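Note that the chains take the letters A, B, C and D in the order they are written out, and that residue 1 is the start of every chain.
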Amino acid sequence: MTSQESPDDPQHPPTLRVLQTAVDDWITQWDEGYWPPLANLARLTEEVGELARLLNRAYGPKVAKDAPEPDTREAIRDEIGDILFVVITLANDLDIDLGATLIETLEKYEVRDADRWTPRND
Amino acid sequence: MTSQESPDDPQHPPTLRVLQTAVDDWITQWDEGYWPPLANLARLTEEVGELARLLNRAYGPKVAKDAPEPDTREAIRDEIGDILFVVITLANDLDIDLGATLIETLEKYEVRDADRWTPRND
Amino acid sequence: MTSQESPDDPQHPPTLRVLQTAVDDWITQWDEGYWPPLANLARLTEEVGELARLLNRAYGPKVAKDAPEPDTREAIRDEIGDILFVVITLANDLDIDLGATLIETLEKYEVRDADRWTPRND
Amino acid sequence: MTSQESPDDPQHPPTLRVLQTAVDDWITQWDEGYWPPLANLARLTEEVGELARLLNRAYGPKVAKDAPEPDTREAIRDEIGDILFVVITLANDLDIDLGATLIETLEKYEVRDADRWTPRND
């Protein structure tokens, strides 16, 4: 890995491939290694549930204020990091290149949703 | 954006920042724009549910075989792309830099999980 | 089981205990029997995801109308039935009496949420 | 409501209809009343996520033991009560009779899954 590919150099934001490698390095340092798919899925469900709690508190019917508190914002960001970690873990375990996949997702939406939304008319 | 930062150049895998911009470009071309947080969350719940169906079919108690069919593998990859799209959408809407967040997540686990797992002893 | 306890007598709405038995009868007629907990959880995630899709379509930002179509209402009802089936399955597998549990849940909220909401002042 | 229909008489286990009424009584005592559907869905996602955490801990790859601790069992039961509460809340808000719905669900599976599983051969 060249210094340019280091995941934490602010001048060079990380590629998804480098982040997938960083997650793999982290997981494979342990004897336990990757979990089975249904256990990773349960963890994804858990993390999405924690995000749901925070979003409901910040934007749901419980509150009247417009913008969430800084603490809540930070907790939401933290939770989205946990979700991304599990998504990368699942992708690694199933040999999926997330960057290439996301580009195909955008191409799929381009075709599928062409007539679904209203083009902006500036 | 320089050619190096184009999201679909196989020689230069995309950074998360470039992918976040690509998703933003896609969403902001429509009048509807970003959905409210609870609607994005519902969409994330929907996509995670579709992944659950596929993983249960491929790795759950319904089947006896070891590796899923190529079709199922492709469908799982497709679903993970949909999940990543929603995660990026949520991050964009909440002004979150996903690459920096994931690096902080790994640093958090480094501290939190130091005694949770068994170091590999090669 | 007396005729009064039959689950489908409209004059006598079923107790949760009778419904738990009906689900158990259905599952134990098959060789496969109960799934492992993480597989049942994946199925619950799948069914909640399908409900999310329907609720987002009926009440989310995609639509402008006030009340969902009869077809959508029927599909939502169907999905809630699937979710309840999985919840009962999990409860059966873990030897949980759902009726007694729900009553304890209400007692828990009585204490926990005493100061959380605003009493209605008719 | 006759004494026979009281939700907490152990001699007469509660019908789902009585439990739906008990939940409605609880919710409508507050000014806030029922939440919008997407907020109830977010709460369901949150509660399913908490169950996922507990099931992964009790039956997932983290542990080697066969049966979960009594504390974990109790926490799982508690979580399933929270999930059932939200399912009843959603059903109430959408005017759904859960007992009748579950019976239709079982009838649907009877037809749909007739050839899906292996009949037990005692």
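In the analysis below, contacts are C-beta pairs under 8 Å (C-beta built on N, C-alpha and C of every residue); 3 or more make two chains touch, one makes a residue touch a chain.
Because the structure is a prediction, the values reported are computed rather than measured.
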Inset, instruction - Looking only at C-beta pairs in contact, point me to the busier pair out of B-D and B-C. - result: B-C
Inset, instruction - Among the listed pairs A-C, A-B or A-D, choose the one whose interface is a repeat of C-D, with over half of the contact pairs the same by residue number. - result: A-B
Legend entry - Separation of chain B from chain C, taking each centre as the mean of its C-alpha atoms, in whole Å: 30
Legend entry - Set of chain B residues in contact with two or more other chains: 32, 36, 38-39, 41-42, 45, 48, 52, 55-56, 60
Legend entry - Interfacial residue positions of chain A with respect to chain C in the complex: 38-39, 41-42, 45
Legend entry - Residues on chain A engaged by chain D in the complex (per definition of touch): 32, 35-36, 39, 42-43, 45-50, 52-53, 55-56, 60-61
Inset, instruction - Provide the residue numbers of chain A that touch chain B in the complex, in ascending order. - result: 7-8, 10, 12-17, 19, 22-23, 26, 28-32, 36-38, 41, 44-45, 48, 51-52, 55-56, 58-60, 73, 76-78, 80-85, 87-88, 90-91, 94, 96-106, 108-110, 117-121
